[in-house]
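Here the structure comes first, spelled out in structure tokens, and everything after it is commentary.
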Amino acid sequence: MDLSLLVNQIINALTLGGIYALIAVGYTMVYGIIKLINFAHGEIYMMGAFFGILLIGAGMPFFLALPTSMLLCAALGVLVDTVAYRPLRRAPRLAALITAIGVSLFLQNLAMLLWSASERPFPNLYPAYRIRPAGADAQRYGEELLSRYAQELDRRREGPPRIKAIRRENGTLLVEFRLGTNSFEAIRTLRQSRRAVLAALEAAHPGVQIETQEESLDHFFNRPAFVLDLGDVRPVEVRWKVPFIWATTILLMLLLETLVQRTKMGKAMRACALDKDTAALMGIDVNRIIALTFAIGSAMAAAAGIMFGLYRGSGIGYRMGFQPGVIAFAAAVLGGIGNVRGAMLGGVVLGVVQVISTAYITDWLGISSSYSFAFAFGILILVILLRPTGLLGRPSAERA
Amino acid sequence: MRKTLRRSWERLQRQNQERPARWLGTALVALFLFLVLIGPFLPLSPQYRSRAADIFLLCVIYSIIALGLNSVTGYTGLLDLGIVAFASIGAYTATILYDRPWMQFPGSFLVVLLVGGLHAALWGLLRGAPTLRLSGDYYAIVTFAFAEIVRIFIRTEGWLTGGGNGFKNFPAINLFGARLIEGEYQGILKTSGYWEYPHGGVWHGGTAGFYYLSLVLLILTVVVMYRLEDSRTGRAWFAMKADETSAAACGINLSAYKLYAFAISAFFAGVGGALLGFKMNVVSTNVFDFWFSVVVLCGVVLGGMGSIPGVIAGTFIVYGLGELLREQVRIGGIVLQVDDRARFLFFGILLVLVMVFRPQGLFPRRPVEESKKLAVEYDSPLYRLGR
Amino acid sequence: MSLLILSDVHAGYGKMEVLHGIDLYADEGEIVTLIGANGAGKTTTLNAICGLVRITEGTVTFRGREITNWPTKDIVRLGMTQVPEGRKLFSELTVRENLEMGAYLRKDREGVRRDMEYVFELFPRLRERAGQLAGSLSGGEQQMCAIARALMARPQLLLLDEPSLGLAPLLVEQIFEILQRLNADGTTLLLVEQNARMALEIADRAYVMETGRIIMQGPAKELIHDPRVRSAYLGEP
Amino acid sequence: MSTGAVASHHEPILIVEGLTKRFGGVVAVEEVSLEVRRSEITSLIGPNGAGKTTVFNVVSGLYEKTAGHIWYRLPDGRQVDLTEPVFDPLHALIVSLATLGIGALALAVPRLRRALYYRTRTPDAIAGLGIARTFQNIRLFEDLSVLDNVKVGLHGRVSSSPLDAVFRSPRHRREERDIEAAAAEYLEFVGLLHRAYQEASSLPYGEQRRLEIARALATGPQLLLLDEPAAGMNPTETNELIRLIQKIRDAGVTVFLIEHDMRLVMEISDHVVVLDHGRKIADGTPAEVRQNPDVIAAYLGTHTEEASG
């Protein structure tokens, strides 16, 4: 077995698991408090990813876009609850579930109408290019080439792909575009400038042998954070975004855990989940607590959506919420639905199961790797049949 | 004593039958039935006529599937989110079988439909057996997960099912010598062949023969469903839906009656799925996906769960509306057309609105049965107090 | 003016009317008890007062304001709270958290801390168990916790639904002593009890309910000697 | 009481022996033994939470016992233990299906067969043995008609299958006729015939109680369990109910009831059993029970000091 592959898969699994866990938390909280499988939750996750890329595309820095998108999704979650679910609080559970499917359909297709049916890449977080002279006369005319290049770009500074900064750095030119610039436009601008610069240089010094190389620079997230040298065939390179995603996920989970366990609001939430009438007798505004639950769950899902986009770098589309949504729900059930810690655990477990089954189990069984999702569903069915209370759920001693 | 009982009983039945006639409703129903009956021959221009025929045919086929779904979701109250599993099992079984050389005998088409239905019913039982104790949400999730597993299987096992692209180009459908659907295949057209109207015009993707066969099957389904409803079985289902505990206390074997419902539901969904496959001349997981289940469910819920006319009306509304939304609308020089996938947007809004404002559906089941004229003989052998 | 006044209250669940016109009042500083058979509508009366059951006709007035069908949280804010039948503790929250929930609407941290001390003094057992899940308490401790939780809202009027239910006689006695002490400290009590004798002994006035109606009322000391009450509710022939 | 000449008529039909039921760690019923005798009215009383309904739920198959036996005398004179597991063919079929046929192999091995395919009788099986019940909080099929509610009660006494229904076989038609007639007769018995075609939920409270009794009678019971039949009734309705219960008893159905209304209990019971905290504390005629100091202390109400002293 290839050890470096295995390590890669484990890193992959844990990252994916963290994302599932973030989504699963929303399912489990909503289920815990109003006993509704919020089918639209996967769509909130999708919306979160879209809000994220749109905000970044509009020039908002990543670290501002993340919380803003979370806030927007929180508002969306509350809106969905108020409009679609609140009128059905006392209605049969089936009615609410069907409504949730309706909301899911609605959001999915709204996203498609608003943002087209094709998948989008995650925006380039650091649209910067390093320009280096090359060719036989690079030594002699390099400096001149770069100055002309800088002038040319400066002239285009106000044009559509807005240039943020042009800097000379030991023999190269560093061009930074404004955040959100799509790389196609940036490269086109660079190419046009190069053509002009080379033409001018050729006119000034006939017969000059010079070229330029434009190299796209990576955002810090895409640079290797550390390299695991396993003494095996090839070392495993871990990019910064992986520890970032892990840290953010853990931070959000800790925040949530503190909120639910320590604050008055969290206690009120747990009280409502246990007994709404009695909670009302304490003076708790039950509807507001439910709205708050939706808000928190939706914000978590939005964070998950952005993390997913960051991790994959692509795949933001109106259908992206469906499968992670289902797997995250499975994770919530696996952990014991209604149990926040269970959802975290379940998410990680299912992430691992999915990646490992894709990589190894299907191979070992001699079946196609497309069965890896079937494994997740199979586990969901088994858990429901054998231990509906989940891994961390407590069997309740009910008395009729 | 018996005589007074008989008199009061008969008076009661008479009273119950004296309902005010509702002319408008009756007229609308009659008009609807008439339109369905002349489905392929609506008096429209040739281009719209075949389009309308197509929509009617789809609605008729989907109604069969919806009635199948209704026998679980409407009668026993268990939410089934995976009816697509049975429709696709039926469709694949029937089309794979029909391709076999030894399946070429008169009436073989009916045989493959039946086998498709039975195969689906078998899986209905297999899925149902372990889930008998589940209720509500958990049952719904299992049905959903099962359907996804079926879909993944179909997509993966290409040697059997054609994989992601599915099957195309089935042989001509030949029923006792009558050709129901031509086998010719025109370019990338999803529909099979074409059918020339006797008086000019062409219908791509259907024939009058196929339409009436489907209609007859729908009518059979309706008859079966009505007969089941009005029987010991139907009462058991409605009782379970209302209250499982007291249904059991009345001597109803919950497991047995759930299994009946699962098998019946899967059977009709399988037959409908098979018809649908032949109609479109293609079976693939692009057609049989999760949203297939959702839209069928949408029709059932919209019409009114548990009500046979409601389910059919709901299905016609949902699919009719869905197909109409595909049409271009010209107002002056502007061409309006709803994006194909965006039709689901309307389904979403529709589902939410119906659930919020009319949770029982548009045409809910009337709770109190019409009295039947049974020649009641008193001193029934079942009337006994004490042993 | 009386603290709480119900006039001609009709209420019920769905289509079923349970209360057919209840007239009742409680003055400041009183212990008023409501006795009657099971299913007479005592719990429904309390829930109707608290806004948990819809009132279809009639009015409830509390501290001079009409609170008919107000949202429960607003009624609680006005200074009334209920110890529900069967305790209804938040079983997966600790005892301390349950008490904090009782003080949910209060903003004065210092006052809440003082009141927490006060209830721990009233029920020393709860101090020992403050960190335990409420579901793990014994029946008597649960009842104490439920009362303590209600007290944390610092109510003017406390509604108690069957506080003696399922408790051993000794514990019942303790609970009733505490109720009297609370009353002495200034809380008005409306007490629903099956244990009619104990209720009548500590109450100032009493109402007797039967099938959704008040059939008798008067000072508790008089009712306790009423032959009808004695035969129907005190188990004397 | 049950000795000598009247024994055959007043023989015990139900003997509960050392019944214990725990939920998790909570003991709901502990070591309860009691007898219900044929053609009598036996009442089970006690404070809330004493475990009365739990006893009913175990007898009617809703709960599994923790320990003890419930002996029941069938109409043919055989005696069976209701709590003992029996072979369940449908369950065997389901397990076989669910395990893709592998489970069927276990049928061949007696020990495995016992472990896998023997189950405690389900409520419907117990109803089939002639024990019917009503519920504390009325549980009608609310959106079915009154007549259909009673027809559902007759379910277990006919046998046509879904196929019979689809093909309208002679058996189906004969049975439907019989069911209709019998349902009408049961409705007449409880005085609800005039309501036959109304929605069950539209009936007034007292009539809903009676409809529930009619539905239970329709299952053809020899033992009828009534769980707080008078709860929420006004005195007039209670009086009618007393007459109805006596009429049922006189028709030969044994009645076992839970009730809080002491007037009803004392007026119609032949025998009263008192539970408190899951234990039986007294047993006897109404007059005996009324005098019992433990009962007065635990339930009928008196000062605690007097009771403990």
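Chains: A, B, C and D, in written order; residue numbering restarts at 1 for each.
One rule holds for everything that comes next: a contact is a pair of C-beta atoms (placed from the backbone, for glycine too) under 8 Å apart; a residue touches a chain by one contact, two chains touch by 3 or more.
Everything quoted here is computed from the prediction, not taken from an experiment.
Asks: What is the set of chains touching both chain B and chain C?
Replies: The common neighbours are A, D.
Asks: Where each step is a move between two chains that touch, what is the least number of such steps from chain C to chain D?
Replies: Each step joins two touching chains, and the minimum needed here is 1.
Asks: Of the chains present, which has its C-alpha mean closest to the combined C-alpha mean?
Replies: Centroid comparison flags B as closest.
Asks: Please name the chain that ends up farthest from chain A once chain centres are defined by their CA atoms averaged.
Replies: D
Asks: Count the C-beta pairs in contact for A-C and for B-D, then report the pair with the higher count.
Replies: It is B-D, judged by the count of C-beta pairs in contact.
Asks: Rounded to the nearest whole Å, what is the centre-to-centre distance of chain A and chain C, using the mean of the C-alpha atoms as each centre?
Replies: Roughly 51 Å separates the two chain centres.
Asks: Find the geometric centre of each of chain A and chain D from their Cα atoms only, then give the gap between the two centres in Å, rounded to an integer.
Replies: It comes to 57 Å between the two C-alpha centres.
Asks: Could you grab the centroid distance between chain A and chain B? Build each centroid from C-alpha atoms only and quote it in angstrom.
Replies: Here chain A and chain B have centroids separated by 40 Å.
Asks: Note the residues in chain D that touch 2 or more other chains, in rising order.
Replies: 62
Asks: Find every residue in chain A that makes contact with two or more other chains and list them.
Replies: In chain A, no residue touches at least two other chains, as defined above.
Asks: Which chain B residues reach two or more other chains?
Replies: 130
Asks: Which chain B residues qualify as touching chain D in the complex?
Replies: Residue list for chain B touching chain D: 5, 8-9, 12, 15-16, 125-126, 129-130, 132, 224, 227-228, 230-236, 238-239, 242-243, 245-256, 259-260, 264, 367-369, 371-372, 374-387.
Asks: Okay, in this complex, where on chain A does chain C touch?
Replies: Residue positions touching the partner: 264, 267-268, 270-271, 274-275, 277-286.
Asks: Under the touch definition given earlier, write down the residues of chain C that touch chain D in their complex.
Replies: Going by the criterion above, the answer is residues 15-16, 18, 37-39, 162, 165-166, 169-170, 172-173, 194-198, 210-211, 232-235, 237.
Asks: Within their complex, state which residues of chain D touch chain C.
Replies: Spelled out, the residues of chain D in touch with chain C are 47-49, 201-202, 205, 228, 231-235, 260-262, 277, 290, 296-297, 299-304, 307-308.
Asks: Residues of chain C touching chain A in their complex?
Replies: 50-52, 71-73, 76-77, 81-82, 84, 88, 90-93, 97, 100-102, 104-105, 149, 153
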